[in-house]
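Supplied in structure tokens, the structure appears directly below.
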Amino acid sequence: MNDLDVGIVGASGYTGSELIRILAEHPRANIRAVTSEAHAGKKLQGLFPHLNGLIDLELIRSGDMDVENDVDIVFLALPHTVSMGFVKEIWNEDVDVIDLSGDFRLSSVEDYEKWYSMEHSCPELNDKAVYGLPELFRETIANARLVSNPGCYPTSAIIGLAPFLKEKLIDPSKIIVDSKSGVTGAGVKVRTSTHFPNINEDFRAYGIGTHRHTPEIEDVLSIYSGSVVSIQFTPHLLPLDRGILSTIYAKAQEGTTEDEIQEALHSHYSPEEFIRIREEPPSLKQVRGSNYCDVHAHLDSRTGNMIIVTVIDNLVKGASGQAVQNMNIMKGFDEGTGLRTPPLMP
Amino acid sequence: MNDLDVGIVGASGYTGSELIRILAEHPRANIRAVTSEAHAGKKLQGLFPHLNGLIDLELIRSGDMDVENDVDIVFLALPHTVSMGFVKEIWNEDVDVIDLSGDFRLSSVEDYEKWYSMEHSCPELNDKAVYGLPELFRETIANARLVSNPGCYPTSAIIGLAPFLKEKLIDPSKIIVDSKSGVTGAGVKVRTSTHFPNINEDFRAYGIGTHRHTPEIEDVLSIYSGSVVSIQFTPHLLPLDRGILSTIYAKAQEGTTEDEIQEALHSHYSPEEFIRIREEPPSLKQVRGSNYCDVHAHLDSRTGNMIIVTVIDNLVKGASGQAVQNMNIMKGFDEGTGLRTPPLMP
Amino acid sequence: MNDLDVGIVGASGYTGSELIRILAEHPRANIRAVTSEAHAGKKLQGLFPHLNGLIDLELIRSGDMDVENDVDIVFLALPHTVSMGFVKEIWNEDVDVIDLSGDFRLSSVEDYEKWYSMEHSCPELNDKAVYGLPELFRETIANARLVSNPGCYPTSAIIGLAPFLKEKLIDPSKIIVDSKSGVTGAGVKVRTSTHFPNINEDFRAYGIGTHRHTPEIEDVLSIYSGSVVSIQFTPHLLPLDRGILSTIYAKAQEGTTEDEIQEALHSHYSPEEFIRIREEPPSLKQVRGSNYCDVHAHLDSRTGNMIIVTVIDNLVKGASGQAVQNMNIMKGFDEGTGLRTPPLMP
Amino acid sequence: MNDLDVGIVGASGYTGSELIRILAEHPRANIRAVTSEAHAGKKLQGLFPHLNGLIDLELIRSGDMDVENDVDIVFLALPHTVSMGFVKEIWNEDVDVIDLSGDFRLSSVEDYEKWYSMEHSCPELNDKAVYGLPELFRETIANARLVSNPGCYPTSAIIGLAPFLKEKLIDPSKIIVDSKSGVTGAGVKVRTSTHFPNINEDFRAYGIGTHRHTPEIEDVLSIYSGSVVSIQFTPHLLPLDRGILSTIYAKAQEGTTEDEIQEALHSHYSPEEFIRIREEPPSLKQVRGSNYCDVHAHLDSRTGNMIIVTVIDNLVKGASGQAVQNMNIMKGFDEGTGLRTPPLMP
């Protein structure tokens, strides 16, 4: 019996289709409305031939969705700035919202306006938004009406760093996050940079020092750890579809031992269903298609540096899977419902 | 409630791990034993780190599996020749067997010995084996004790050709099957030909005129259609993990119309959950990770040729998914149980 | 001393940049003008950072090229229809032309208009154009003013079939050409079908029965062999950058032997520098970046079919390398000048 | 006229075949002997079908090469430890040696024995070896008899860091080198870790804190800059064939400006033919198949960190191309001879 009616706004992008893939198997959720301004009127399975036989839904315009009567919760898989406009519009309806855009991720509206180079159209709701990283903020998510779903890179960086910053085992001012992402992170939209021959057999860094996920990582970790955290963040583009691997470097505090590191990791994450502590460095494919974040941490006694490696599927734990995990928490379902599909390996 | 105890013999290969991936989500099956001669004593999740948290099983030697008491059905994910030896050994136990090797796929033991260049060690059981292509032989599968699971290439070829041969719309003596497979079809075993730089950015044909799946395709289609079918089969190796696409050419019988072709296709396959008829040529990723076979057929009125394109995931519909489909039929479960995971796209 | 001044019209596409890559090493040619309507005014090495340090040229509009005074030969790397307009414009200048588009490849203007669905704007020059496949038409190329450079798929198909059709060893009416191409064949232009996640780990057929290279293959082979040749041609898109592999099926004439096949192959191609006869089926990477076409042919005595496999780099022997080979012939240079760079393997 | 006779010892591996690819086009060098213990007696072009028509050489055992009479210079493309044995053996012959292994790269034999976990069999020759990075040590290379060719990762790291350490613009004690390499870096030898499905669509870190290139980078940079340099080095494996991209992080010295950084970069590298300074972060394919190292450097004024990105083709500038560059220097040829083949893009 599906007892929760769900709307997906912006269903034609990758996070939208991934929500559909996951929710199609969720025993409690019922997809009631899928929207796309560009494709309204078309069958969803026409747009996504891989869903033939599994789904039979027609795309509508977001304005045609009857938020009040048809849905209990909406997922916003929209570009930033469009997303906050939509939140504003439906705020007075009796509906929960999970926003997958960046519009409500920063605690400071000023930071948003600086890093996103635009005015925030909805500052009055920024404080209502709860940052949706369940392993850090489960309790507040449970009571939220508006969850701001984390960015893909920040998910991989924050999960990797949180235990060690919280336990004061590393210097918060000298952290390097070197991240490598698959191409789906760049979205469904066609552009020169994602033309096949421009990615295949190629690899590059981009957005050095300017990527918008930088303040998100710093902000969330500072709040969580109570220290001012500074991050040097460099994203790179991998010639593959799915996954983010972050290699994280931090200076261990004087006297920190390998045992303390492993203890911090286990005390934070052993109870977590979707975080797997790994003795060997994990690889992307070991989490592909799943909601897992695998974490490996190690102290290099020669240099005094900690090296942390995390892997996620950017479309699942880095976006739509985490969004469903948040939905489960908000609705009081078992947190892993619909999220236990094994990774697709090989 | 899981009411069926399952054994997987040869769990360390790709079809073995794929059976585990699928059965881990099957609501009626319970994996009771997993065997590997090379890795006996190890944890399965040690061998397959992607299954951490989902499975907790220890690999044993196949000889240590208590077939009589522990399992109701065994899947044999073994190399050919090894497989028939094991079938012989357990034939007197009260257990059903689904054999994923090629050992019982040909109706004639002589053909087996010719194409596989070795003696068949178990000819007396060859007639007991039922060819496990559900869409063609569902009824006999339901009553079988020994199901011979089809080869990956044959699945893609036979599904594409069966309706048109059965309805006598094409010349059975002039058929070309040009197939392209992902690398997992070559197995988990390391060899020079599958060293990454020997596959990546590369593409080649192999086994021209000599591949063992040739007689399997001819044999099954001849039996099913009642005509002697001759196949020119050429496999190729694609630089990707999963999937087989077969492009099939046949001479349409004089006077055949496009309508007759579509009618044959729909009358055979519209009722089938796992065959999707496609108006546009399908692509591999549209079935990746799923049990679907997508089929497109077209008559070229200029040349009088029919062109048929089929796609499957070689590890799912081409192996382990089809094996589970056969299990469902043998055990009277709903045929699609555990097999409705959407394709992983992108 | 470079004694030949060259212009490249349409230098910003893949065949254009490949011409530059090849001519940069050609001891007799001097690139004097490179044109691009979209990028006029920019440095070529700005558009192609990989050419930094090797080339220093500014892109100009094609109308700004002084054909009469500056160049001895022009390569047209333009879209079809644009190309014939340009040929018409410069026809009265004293300059040789190698056209890489499809505009002058068919002997019949009617066929062009049917398969390309448009009027031919320059029918009076169609007879002046010589089909630029050196191994078949070397003598006429040497005396041509306008060479129509072959299509990539046709190069791979024609080289594979020519000896056997010429020697009447195969039935010209029952030929299947199943071709698989890398993505650069689709051009530099960004489109949905070549967005990285739509190609990577994917494979598909396209243009079944309708691809414009079909009449080109039929036309050239009919003229060369003196028989009416009918081709069923199916192109496919591979998840890699460069290369075309064609698997070709033909019915051997009654009584044809393997020896006759090999003899035909050797008598035609042993003297050819850029055709390599291979005993084993060749793979794409073995010719990557080079002007080679590797050919393998085999008679399947069981079925009476011939199977021919050819591989080329679609941008070199399938386009720009062959164009330079034609230039060498037209100008009386040693035919292989500038074309002996070894394949890049791995 | 080729006036230099060359021997390649260990010609069946990737650096060996790459030497052949490059030297086949070198106007002054003549490959006189190619050795392989495993393939002695075979034709080189049988082992490497892509070289058919370009090369005709028979592989011999290294002991059968007449060093004294046949060759003027030998390249050792051997595994470490094997290499130093061979150097010892031929040291008294009148021949120059370029060793591509790691055996003579460290200035301290003790460091070698610690990081390579084995005894050095030839410590008396360690001081004779000159580190073959031309842009740093051109003069000593010119007079060397034994050149130790740099490792692939060290080439990318050292070129990126040398100017800034030399000019004292960065803190030598807090350097992070996060490197990503294509699979050819792991060699031609088949192993589980390079089985296609274990690399494709995957990405991982390895050798964290323990990779043998760590002391090589530290050693060379310490000697060159006169400061004790400490490196945290993490290699990763990319799902592609060729290329290393290193993302390098260093703390800028207090008060360092962007102008000083660019000035250091230009004063060191503007005269260098094979180093290209790039304003935008370079990508791997922009140097594929070529001897270029592209370098981008940037000061993040927000954090005070310098971020440097370098790219090379690991088989060319990271191995065989650099070896030929060293040969050119040793023999007084123009340094770029045979090394000006443009990158293969796309």
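Chains: A, B, C and D, in written order; residue numbering restarts at 1 for each.
The rule is short, and it goes like this: a residue touches a chain if its C-beta (ideal position, glycine included) is under 8 Å from a C-beta of that chain, and two chains touch if they have at least 3 such contacts.
Just so we're clear, the structure is a prediction, and the values are computed from it rather than from any experiment.
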Query - Mutual neighbours - chains that touch chain A and chain D alike - result: B, C
Report summary line: When B-C and C-D are ranked by contacting C-beta pairs, first place goes to B-C
Requested in this report: Averaging only over C-alpha atoms, locate the centres of chain B and chain D and give their separation in whole Å.
Outcome: 46
Requested in this report: Compute the distance, rounded to whole Å, between the mean C-alpha positions of chain B and chain C.
Outcome: 39
Query raised in the report: If you average the Cα atoms of chain C and of chain D to get two centres, how far apart are those centres in Å?
Result: 37
Query - Residue list for chain A, restricted to those that touch at least two other chains - result: 14, 184, 197-198, 200-201, 239-242, 282, 285, 288, 346
**Report entry** Complex contacts: residues of chain D adjacent to chain A
**Finding:** 174, 176, 178, 180, 197-198, 200-206, 208-209, 230, 232, 234, 236, 238-243, 245, 247, 249, 251, 281-285, 288, 298, 300, 302-303, 305, 307, 309, 346
Report summary line: Contacts from chain A onto chain C in the complex sit at residues 14, 183-184, 188, 190-192, 194-201, 239-241
Requested in this report: Could you pull out which chain C residues touch chain D in their complex?
Outcome: 14, 17, 21, 24-25, 48-54, 184, 201, 241-242, 273, 276, 278, 280, 282, 285-290, 292, 294, 340-346
